[in-house]
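Shown below is the structure under consideration.
Letters are used for the chains, namely A, B, C, D, E, F, G, H, I, J, K and L, taken in the order the chains are written, and counting of residues starts over at 1 for each.
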Amino acid sequence: MKILIVNGPNLNLLGIREPQIYGNQSFEAYFNELKIESKVELSYFQSNIEGELINCLQESDHDGIILNAGGFTHTSVALRDCVAAIAVPVVEVHISNITKREEFRHTSLLSPVVVGCIFGFGLKSYELAIHFFEINKR
Amino acid sequence: MKILIVNGPNLNLLGIREPQIYGNQSFEAYFNELKIESKVELSYFQSNIEGELINCLQESDHDGIILNAGGFTHTSVALRDCVAAIAVPVVEVHISNITKREEFRHTSLLSPVVVGCIFGFGLKSYELAIHFFEINKR
Amino acid sequence: MKILIVNGPNLNLLGIREPQIYGNQSFEAYFNELKIESKVELSYFQSNIEGELINCLQESDHDGIILNAGGFTHTSVALRDCVAAIAVPVVEVHISNITKREEFRHTSLLSPVVVGCIFGFGLKSYELAIHFFEINKR
Amino acid sequence: MKILIVNGPNLNLLGIREPQIYGNQSFEAYFNELKIESKVELSYFQSNIEGELINCLQESDHDGIILNAGGFTHTSVALRDCVAAIAVPVVEVHISNITKREEFRHTSLLSPVVVGCIFGFGLKSYELAIHFFEINKR
Amino acid sequence: MKILIVNGPNLNLLGIREPQIYGNQSFEAYFNELKIESKVELSYFQSNIEGELINCLQESDHDGIILNAGGFTHTSVALRDCVAAIAVPVVEVHISNITKREEFRHTSLLSPVVVGCIFGFGLKSYELAIHFFEINKR
Amino acid sequence: MKILIVNGPNLNLLGIREPQIYGNQSFEAYFNELKIESKVELSYFQSNIEGELINCLQESDHDGIILNAGGFTHTSVALRDCVAAIAVPVVEVHISNITKREEFRHTSLLSPVVVGCIFGFGLKSYELAIHFFEINKR
Amino acid sequence: MKILIVNGPNLNLLGIREPQIYGNQSFEAYFNELKIESKVELSYFQSNIEGELINCLQESDHDGIILNAGGFTHTSVALRDCVAAIAVPVVEVHISNITKREEFRHTSLLSPVVVGCIFGFGLKSYELAIHFFEINKR
Amino acid sequence: MKILIVNGPNLNLLGIREPQIYGNQSFEAYFNELKIESKVELSYFQSNIEGELINCLQESDHDGIILNAGGFTHTSVALRDCVAAIAVPVVEVHISNITKREEFRHTSLLSPVVVGCIFGFGLKSYELAIHFFEINKR
Amino acid sequence: MKILIVNGPNLNLLGIREPQIYGNQSFEAYFNELKIESKVELSYFQSNIEGELINCLQESDHDGIILNAGGFTHTSVALRDCVAAIAVPVVEVHISNITKREEFRHTSLLSPVVVGCIFGFGLKSYELAIHFFEINKR
Amino acid sequence: MKILIVNGPNLNLLGIREPQIYGNQSFEAYFNELKIESKVELSYFQSNIEGELINCLQESDHDGIILNAGGFTHTSVALRDCVAAIAVPVVEVHISNITKREEFRHTSLLSPVVVGCIFGFGLKSYELAIHFFEINKR
Amino acid sequence: MKILIVNGPNLNLLGIREPQIYGNQSFEAYFNELKIESKVELSYFQSNIEGELINCLQESDHDGIILNAGGFTHTSVALRDCVAAIAVPVVEVHISNITKREEFRHTSLLSPVVVGCIFGFGLKSYELAIHFFEINKR
Amino acid sequence: MKILIVNGPNLNLLGIREPQIYGNQSFEAYFNELKIESKVELSYFQSNIEGELINCLQESDHDGIILNAGGFTHTSVALRDCVAAIAVPVVEVHISNITKREEFRHTSLLSPVVVGCIFGFGLKSYELAIHFFEINKR
């Protein structure tokens, strides 16, 4: 089973940016831990460019995608259209509890086209998404 | 580790009510399966009466609560105040992807006061919430 | 043919409360008249507790329900979910013409899930609802 | 007792137009059945022209009017003013449950100036309105 | 100097309809008084049909039009387009103070395309409009 | 192939009214040119009365209708219901780019029930609509 | 008969300020002309200070007040309360057609508490208001 | 003089819940102090169940009720209807200054049907309400 | 203990203005009674000029201020900033129950920056505010 | 005459993505057919990256551009600014009737700065746009 | 070159009021420093009375005005009208970054009628405005 | 002291695009002048691709950034998150007075996370921003 984790803009700053919200571990470090512990085959892609995320999703042939689209979550119809168009099932995750933050972060354009959403559990949101793909194939 | 699952109004109809949205397994049957498989100690409470849910949450001394408040999710300030007041951490779950349904189901009064939210994974939403409590204590 | 009339909060005050809006006959007195005149078998339930109304609707095995949910009409997603979930057809009635009153009474959460609505005819709204069940079975 | 039924735009297409919503019986056929069964004296007027409906209502000397204003229900202040101005009591009916349809059909400009509203019962909505006038004169 | 007074729907009921708002003199009676007292040549048109009002305005070759569009004031883009298209200057009048009444009467689609507005002075609103045309030609 | 062009209120003023928006050619002159050049059989109807437009559409047995409803575009639920009810395919056109004008012209009640929309191309909008019917039958 | 004209902020700049909207005659010059021509006794007060306008209105013992509150029209609840509180009848006037200007000028807090409104007629708006008081006392 | 204090959901947690907002004294302890100091006869009722609060208010024969409806303040039309229906005068109180908190707490459905409101004074809000009943009977 | 009562615009008309809302006693008469009965040292300031109220508040060295800002309550950011800036604690009062009146009176710009609010108790609202300062110093 | 067709995000999936909305022909296949049939010289550009679309438009020296911006239609101020800035006339097209789909697709940021819009005709929307450029140069 | 700095309500409290937002230097002290360092001739006016600010602006014959209208920024149409009416160019400044504060501070009625805006730079906002007038005359 | 100027989409068209709004000097020409006159070390980056702007900001090690994000100002949460995440202080500038233009340009997503904003001064907005960094380090 192959799972792709896709991170959107500024998530390359994890561990540096606003640690009171996002913690101080870089995503790469976390991803390496995940890869070792995980029973599924994990790959990872990050970009700050919306269209590169779309390209990546369009080309995916994985069994599942875990998508944290960062700021694009709330503004990108193009990304939403892409998620709706591809055959690979997508799970939306967020590190923080987005409903505790600014009003404009409370609405996700992606949620209505994904399988389900997981947010607020810190980096553990990714683990829960992986767990979903694991128990779903059973 | 003791986890309490709390279900709100009409979730006692699961398996009977709108199977195209909620599937056709009763929650009791599912809960019994869960109990057997789970490494944590699980208990379960359901009520159609908002105030009884509040009473139940106030009296809880569990290590975590998994709350599916059903229709109260979108309307109950009283339940929100209760979740905010108690010390036990609460995870919000929904069986369906609520962002795909009527407009008024897109906003949860509970989300800003819980640890995190998991929705859209069918009954597996509950399992992911249990998994969170398991990996969180590590 | 068995028809259940379900009245929500404060309708036990009928005849006492705001007679300029609701008239001065108690519902019990009216119900007894109805029972005598009516060709269908009528029963009656009233509660001020939302969850008890839900319990009552869930347990109903009547041929039709006439529901005046009072103040819950405009606020209860839980009651709406219940009406949508049960198999018994529900007709929504109101004594007053709710569109002549405060703005928040103009929207009913129940209307989209009932068979039809009848309001503004005083206590005769109930009779029209009974009449519907009578002519509908023909 | 003389009752006038007034139908607004496109209701002359009944039985032809969108049968999944309105059924496939023409109103004329239905009206003829009604006339035979009914204890009150019924007449009927239909027009696609808003001002002709207003003219008709202004000239009415019936004991009651049953008005299905079709699309004008949601847009015509002029028709509302007319209903408010005349002395004959008006009952508003709709064939479909308008609260299940597009957002703009959920608000009726007429409702606050009529005696009461009946909708969602198919053509039986008209019969319930006739029944109201019958039981009201008792 | 030739002035045309154009009245919209239900203004033929003046003196009959809602006298607490509009007084109890018919417009015809009032118009005859106006004609005698006035220094300008007055003519009068009334219709309940929106398109007939548009036809009348399009064909006008008067020096000024006084328009009370009744209920169409708040809903008719077609009438607005007509007023904007014709060369004859139009003054908008209302008998009642429309800002004291229902919310939907507070906005006039016509106001932005007329010379000016006069409302709240009872039938004297028409006299003030005539007075404007008199003093404007000086 | 028979195509009917239907024009709504004030479009009889074309060439006279607001030439900076609509140009200075009358529609009749333009229609005569169109008729000569066109490979399909064209007919034309214009009215300022909403209900006459509805009557015309209801009675049409053409292969296609090109509808410019003028001011009714933004206000007429009755016309929308008519377009939705008839079997003849309807194309919506506007001479001006309505999205450049007043806010209330940005929404068309008709668009969701027509085949497609063409606007902003001056009188050429009609030619493009004719072209659609020509290439569609191929 | 004594009439008081009250002008609000910036109307002392008339003839100087934005002549394309307000013309180039100062109000004082205009007032002197009015005084000579008028059959009623006119006085005049202007202030840029909201509270001084309130003081002036409270102390008035005239037979009528003509109020152009300028920018306070759209923002001053205090002035509205004052107009509602005093016994002298108040007519609201504006020089420009306020419905043709910025959105925030379309709503007047004063209109619901005055006798009536006159706007769009340039300085002639004041003359029409005087004319109202003259014909009203007849 | 008999006064009833009615507290809504979660106010049984006072002294435990969010002490930075509500202080750390339990309401029972406070009530016992109040009872000793007060010149009026005080009783107390608390419930987390909306319908039990309605039952309690309906059955009250006190000279005044002091109501802190907690989270129901902002959501319960049923409680509002009850307060409007009963003859006993009700004063609304809140411990915190609700206008400093979340947007949804700024609107009270109860305020328009009570005698008056007192909020922001901590537990002293109750004392001020008692003081009102004392000075009102003088 | 020195308490300052500050009244805003039109409260100098009390006893004259709209007695059905505000009663018919002048504030000066009431204040003199209050002064005699009260245990604290009371002073009083009223102005119709917003900036004079601000000046007065800025210069206050009292132990508490009771502020009824009248119409400025709903519109004055400047007054709000002043209340927030000064060290003296402010209690907001209103004579009428402002939530029963026009929509724009339901929101107070001042409430989020005062200690607490008291409204709806007639002139007794002031006495309750005084009572708060008395029991607060204990 | 040289015409450039520019397609935005996900239109490279045409024929694959949501065929019930967009049909099952790829755009490349369609474009090759168009090129053969067309009298104008056609070129084609597609990108999922907003800024590359802007670059492409800025560098265009064609006689006309046909733009289907996909999801950027509803969100990209940057693209709108670009269309407004360049000298080449732009026609906006959409394959589907966007007014029949989600609410957020009903508003196009591009429409007010293009020559005109054509939508709902499937791939024929492009042909109609080409036809416009052909008949426009005549 | 003569520049006038105009400060609105509560800015006389600078250095006293909310130092966490505005710093703890009084504006007078700062102004004296500015005067010494500056190459332009500076004068200063402050008032808490809206109308006095209007008077001051109307009478100005300076080469430029730097306006910090404090709370009037968000509420005063009268001040906006004044800025639009006078010939002297006005630059709007704010000490704090108003977009970081309460929602109602995000909109300035003045911005659309000034040359430009500078906010968020503390007292340095004034220096930047002076710098603009210096480099603008070059 | 090193300052980076970052320009967003379409600002490479400066001098070409809409000169009535932006003037007719290219930014490169202006930048070269600035570089010569300025006491700080200036560098410059422009891109039409949102993600490249984010990359550029993330990699910056300057003492300050001057950001004109063009159309992304109003739509890019991703850019906002980036500005909030980096340590370098950012000043937001706009050439035009954005509050005089379309409604959607009145709100900047960036403003709440920058030091301050400067707009409306033409290209001089950049000079004022440079001046801020100069006087800030003093």
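Here are a few things to note about the model shown:
Simple rule for what comes next: contacts are C-beta pairs under 8 Å (C-beta built on N, C-alpha and C of every residue); 3 or more make two chains touch, one makes a residue touch a chain.
All values derive from a computational prediction rather than experimental measurement.
Hopping across touching chains, the smallest step count from chain K to chain L is 1.
Think of each touching pair as a link: the shortest run of links from chain F to chain K has 3 of them.
Centre-to-centre separation between chain D and chain F, using Cα means, comes to 31 Å. Each chain gets one centre point, the mean of its Cα atoms, and the points for chain I and chain L are 48 Å apart. In terms of their C-alpha centroids, the spacing between chain H and chain L amounts to 54 Å. Multi-chain contact residues, meaning those touching two or more other chains, occur in chain D at positions 49-52, 75.
Pairwise chain contacts present here: A-B, A-J, A-L, B-C, B-H, C-D, C-H, D-E, D-F, E-F, E-G, F-J, G-I, G-K, H-I, I-K, J-L, K-L [touch as defined]. By the touch rule above, chain G contacts chain E in their complex via residues 97, 99-100, 106-108, 111-112, 114-121, 124-125, 127-128, 131-132, 135-136. Here chain H touches chain B in the complex through residues 8-10, 12-13, 16-18, 47-52, 70-75, 104-105, going by the rule given at the top.
Within the complex formed with chain L, the residues of chain J that make contact are 49-52, 54-55, 58, 75-82, 84-86, 109.
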